[in-house]
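Same chain, two partners: chain A is paired with chain B first, then with chain C.
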Partner chain A sequence: MSVNLDAAPGAVRTSGPAPRRKDRGLSRVGALFVSPYVLFIVVVFAVPLVYTVWISFHRFYFTAPGTKIDSPWVGLSNYRDVFTDPVVGQAFLNILIFLVINVPLTVGLSLVLATALNAKIRGRSFFRAAFYVPYVTASVALVAVWQFLFGSDGFVNHLLGSHAPDPSWLVNSHLAMPMIAVFVTWKQLGFFVMLYLASLQNVGKELYEASAMDGAGRVRQFFSVTVPGVRPATTLVVIYAIITGANLFSEPYLLTGGGGPDHSSTSPVLLMYQKGIEQGHPDFAAALGVVLVAFVMIVSLAARKLTERGD
Partner chain B sequence: MSATTSRPARRFRAGGAVRYVLLSLGAVAFLFPFYYMIVGSLRGTTVGDLSAAVPSGLTGDNYAAVNSAISLGRSLLNSGIMTIGVLICTLVFGVLAGYALAQLRFRGKGAVFAALLLVQMIPFQLLTLPLYVLVVRDYGLGDNYLGMILPFAINSTAVFLFRQFFAQMPQSLFEAARIDGASELRILWRIALPMARPAVLTALLLTFIGPWNEFLWPFLVTKNADMQPLAVSLASFLSNLQGTVANPAGALLAGACVLAFPAVVLFLLFQRHFTSTDIDSGVKG
Partner chain C sequence: MLRRTAYALLVLALAGTATACGRSAPDPATAAEARGPITVWLSNNAQEVQWGKAMVSAWNAGHPGQHVTAQQIPAGKTSEEAISASIIAGTTACLAFNTSPAAVPTFQKQNGLVSLSDFPDGEKYITERGGGLTGQYRSPDGAFYQLPWKSNPVMILYNKKLFAKAGLDPEHPKLATYKDFLETSRTLVRSGAAKAAIWPSPSSDFFQPWYDFYPAFAAQSGGKQLIEDGKPQFDSAAGHRVAEFWRTLYAQKLAPQEAYPGDSLNDGKAAMATVGPWAVAAYKDSVDIGVVPVPTADGASGTYSFSDEKSAAMFSSCENRATAWDVLKFATSTAQDGKFLEATGQMPMREDLTSEYAGYFEANPTYRAFADQAQRVVEVPNVPGSIDIWQAFRDEWTKSVVFGRESTRTGLRNASSEITELLNEYGDPS
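Showing the complex of A and B:
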């Protein structure tokens, strides 16, 4: 969940060469201390990454442990299947819908709440805790409540009476994906409120005073001082949202019953699960995974360029 | 906000009111679903209408019902084993790695640190398919605690937090101990770790919510209901076991309460250690 390389405090200080020491044994201790973690990264990240790419170029079948069967090289055939499958296109489109709703909502709401929280006020720790509780709670538990709140016969529809959407929220092909985006926004907002709260500490107080002298009102100050001041945090929110979008699984699987009406809330990871494990085409799923990594990188780079462009 | 001090008092009060209205609206939006979850889990018949928000005719039947459908105790035990396994690995190996990255000099240190940052950027779910093939098919670790723990064993965000914390400690302290002939392990255990207690608490809390709340990976690895952690068994209750109990919505919400409770309680207990600065350094990398 982290991205901002250059902002890491102390990164410069310790990752450069440390002062020379006579005792060469020390360096062996360091390598020894770090070796379990390196082994972990190799086993859990490097090997699976390389393996995915390998699988994506072969015809691959699941086998029982210990059995060997051939996995012939098939070139780009799996990728051709991925690109010609309309559901894949739909899944990526769904991620874009997710981002279009999630990013502005997250940035707007968390920035407003963080600004409101950024003062010595009564009940500050209560509000902080309240905002953070959904973030620490399991998606599965929260999905259960949301299903109950937004079901056809749920609390929200009872409130709305005849204004309730038909078909209801979670089974409506126009609303299923937006519902997921709103759910994720709600669940993770507390995290970003805290992030912006930390970022607000770095916005110079004199900027507020100067703008007040120039006659700027509260709203004007918010847009001219606060919003540009927390830009690095905003970049982080956007990149985090992209990673979340790329990771979506439990919400479409559980909240909208396995990807929603007519795949309207299918996500790429859900599709990887359905194609790879349910339908037994791990090679297709691996190619889809590689495409997804490329997608994440391209969208992140583009987003970074966009949010970091000068004022 | 400091700007308010230079403004007329009336303006200040109006600003304060807006602030409270905003924060209170936020708090209601965040907490209402939890309130609804608890009340719904305690009602004899749980229906979706407005009356469901009013506590009346409270009963513990739903907890008994969900317990009979998915054996809560067993699921909680599985969640606990998985989470504690991850916590122990992160604490032991993560502290060692964090200390080495912060205070020791060794070959390939830059590469390890770069890998640490990179790992946090890779969407983990992307790796689930090849990991599934490796762990379940090749190593035969399906329905096995080791297989459940493996992908989360050392939490990289926690390693990063440890490293940041150890890096802030004065080098001279460690040099002095080294001159006195203390081994690195002893320095870490006796000097660095006690000073890093707040970071350790934050890192453990951050680490806890991962495996405790995780759904996809244990869902893939465990087919045997006796091995499933609570998030997985509750999800299977949600998708196909609801017909087996008298008040399915209530039972589901009761299960949701049990799943939510430990993480929320731990968070509230350790809240004051969990400051915004920690989160800031936790996500920067």
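Showing the complex of A and C:
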């Protein structure tokens, strides 16, 4: 049985004023329910965002309450400073390196693991929980584990002996950012596995049965049924991973001694913290923040186009 | 309806923000005369907290109408960040006993500090207490926005047991010249006595030069500040010798390029550390400590070091400034300074330190070396943009000295030129 949804609006339009009153009542109740969230969005996101954009076009400095200081309009001056600062360019390059490693690794590993955990295997619940543990553990604690493994005197270097990299993993300008990317992949994996697991529940079993009857093996089923079946989840995972990557702060801060060596693991958000909070340049930090938002939007849109290609 | 709700919420949020921003500061003239209860902030160092509470109790016993409440500085990565955030929010205590001089220009720019020179006896009290050492703490406008309170002159602390384990004489270590220091370091590491000879943090934080470069530069240059007369001083023969010395330590793996996630001296991972006298109390139960001055190229004696000084400051949010000023003088009086020295081992910023507390230094000979050093200390320059300047220096230091990605001469030259630009920028903010 099918329902012609197109007919419904016409029916409403011709049914007189009573339903409209009912609609308005529903609208009030709905508004009441969403108002805490709207308030939250306005206070926590919208106002700071508008204020940030305003700051980015002014020479601005945080001062004690009741103090009057001029915040003159400086046009694109802060943006010019951002685009001419070589450390900013390095920070965005670092993020690109991060995304190139982290996003494919996250998508690939979490989909494969979710597919495995979706099968009827012994100890499935244990594995589902085990992959989720790093995600819910504080970064500071996980960083300690990572330092135990990859510190210059760490477990991995003991195993590698003379083959260990010099300088070591976390202070090597070529390896620091890839190490952070792998660390974040490991930390976040449980969350993305859960997303894929939820999505896998919606892939029809009949598709697997039909493909099996057509002679498809497990691998062929994975690429021909599972991957297309979870494409919306893949879009979500990719965009979420990009946003996570763009917001990197605690990992480079804690794992590589504040963005070292020589800024090779500095992220834009870490730089915003250093410029805005440590060095007292909120105007520069605000402009950098706006640029970062634009960067995330562009990369996310490109990724969405890529993942939804063929739909 | 929804649109109206959204507009209403937006207006509410904006009004809330505006109200928060519009909180008024006390009138300076009224506050300067006002007496009443105040709050003071102490650092989170256990010995300082112990002294602070005793000091406050002593004050409260004699001043019932002017009650003082002591609290530890709110948590933050550094106390400077916590104070800065509090200035912006208008929630600072009246006094803080742990202000870094490097942060004072920032606090001043935020209009967060009260000029102590504005109190009728302000200038006299500060200069008489600190003598010739106080000049470094004046702000560019000539006033004191901080009371130079205590110094922690940076010296080389070493673990006597590790020196003995490496076959070195723990009572007479060869650490005076760069050549001897490097030779001793090689012996310590190659003998397996310690993983590192010395382990200052190689991280990119702006304040790390105070524990590797700056003490050595103060010693090698005979007491020069990073910037003097508006010009960087480190792209010089003294600066080059210091940078080359540290570069050798890193290149020969005597100092690790990776930050130690703890206290390397306390954990026996490093045989030496550049620290102040606070560390003597901290290590007394775990490490058999020896103390020597920071090395120089030729081992000259009577050299300078970095002060690692902390000041006491009064904040513009304080409503009872007359009480706050009296508490500040009480807390830095001869009697309280003696109690502070007893409790913490840190050096009150006094010209007559060793003679005033001769008994203490006789009973505690380890601290005598620090007291002697405290008479020859170099402070961070009190210039606008101080933190930017140190960050620019640190970036080049990390690149050239710690990781050897460019020559030390290039690193210092680049840092000098970047800092010159910053000085010009801050000098002419238009």
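Rule of thumb we're sticking to: the second predicted complex is superposed on the first by the 270 of 311 C-alpha atoms of A that agree within 3 Å, B and C clash if a C-alpha of one lies under 4 Å from a C-alpha of the other, contacts with A are read in each partner's own complex, and residues count from 1 in each chain.
Here is the rule we use: contacts are C-beta pairs under 8 Å (C-beta built on N, C-alpha and C of every residue); 3 or more make two chains touch, one makes a residue touch a chain.
What you are looking at is a predicted structure, and each value in this text was computed from that prediction instead of being measured.
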>> Just checking: does A:Ala144 make contact with chain B only, chain C only, both, or neither of them? Give me first, second, both or neither.
In response: both
>> Just checking: does A:Phe62 make contact with chain B only, chain C only, both, or neither of them? Give me first, second, both or neither.
In response: both
> Which holds for A:Ile277: it touches chain B only (first), chain C only (second), both, or neither?
Replying inline: both
>> Quick check on the superposed pair: does A:Val182 touch chain B, chain C, both, or neither? Answer first, second, both or neither.
In response: neither
>> Between chain B and chain C, whom does A:Val133 touch in the aligned arrangement: first, second, both, or neither?
In response: first
> Touching A:Val47 in the superposition: chain B (first), chain C (second), both, neither?
Replying inline: both
>> For A:Pro167 in the superposed arrangement: first (chain B), second (chain C), both or neither?
In response: second
> Of the two partner chains, chain B (first) and chain C (second), which one does A:Arg218 touch, if any: first, second, both, or neither?
Replying inline: first
> Is A:Phe33 contacted by the first partner chain B, the second partner chain C, both or neither?
Replying inline: first
>> On chain A, which stretch or stretches are contacted by chain B in one complex as well as by chain C in the other?
In response: 27-28, 30-31, 34, 38, 43, 47, 51, 62-66, 144, 147, 151, 153, 257, 277
> Tell me, which parts of chain C touch chain A in their complex?
Replying inline: 1-2, 5-6, 9-10, 12-14, 16-17, 21-25, 81, 84, 87-90, 106, 109-112, 195, 201-206, 256-259, 261, 316-317, 387-388, 391, 395, 398-399, 402-403, 405, 429
> Which residues of chain A touch chain B in the complex?
Replying inline: 1-5, 7-10, 13-15, 17-18, 21, 26-31, 33-34, 36-38, 40-41, 43-45, 47-49, 51-52, 55, 62-66, 109, 112-113, 115-119, 121, 123, 125-134, 136-149, 151, 153-155, 157-159, 186, 189-191, 194-195, 197-199, 205, 208-209, 211-212, 218, 221, 236, 240, 243, 246-247, 249-250, 254, 257, 269, 272-273, 276-277, 282, 285-286, 289, 292-293, 296
>> If we count contacts the way the header does, which residues on chain B are in touch with chain A in the complex?
In response: 1-4, 6-7, 15-16, 18-20, 22-23, 26-27, 29-31, 33-34, 36-37, 40, 46-50, 52-53, 93-94, 96-97, 99-110, 112-113, 115-117, 119-134, 137-140, 150-151, 153-154, 157, 159-160, 164, 167-168, 184, 209, 212-213, 215-216, 220, 231, 234-235, 238-239, 249, 252-253, 255-257, 259-260, 263-264, 266-268, 271-272, 276-277, 279-285
>> Please output the residues of chain A touching chain C within their complex, sorted ascending.
In response: 24, 27-28, 30-31, 34-35, 38-39, 42-43, 46-47, 51, 59, 61-67, 69, 87, 144, 147, 151-153, 167-168, 170-171, 173, 257-263, 274, 277-281
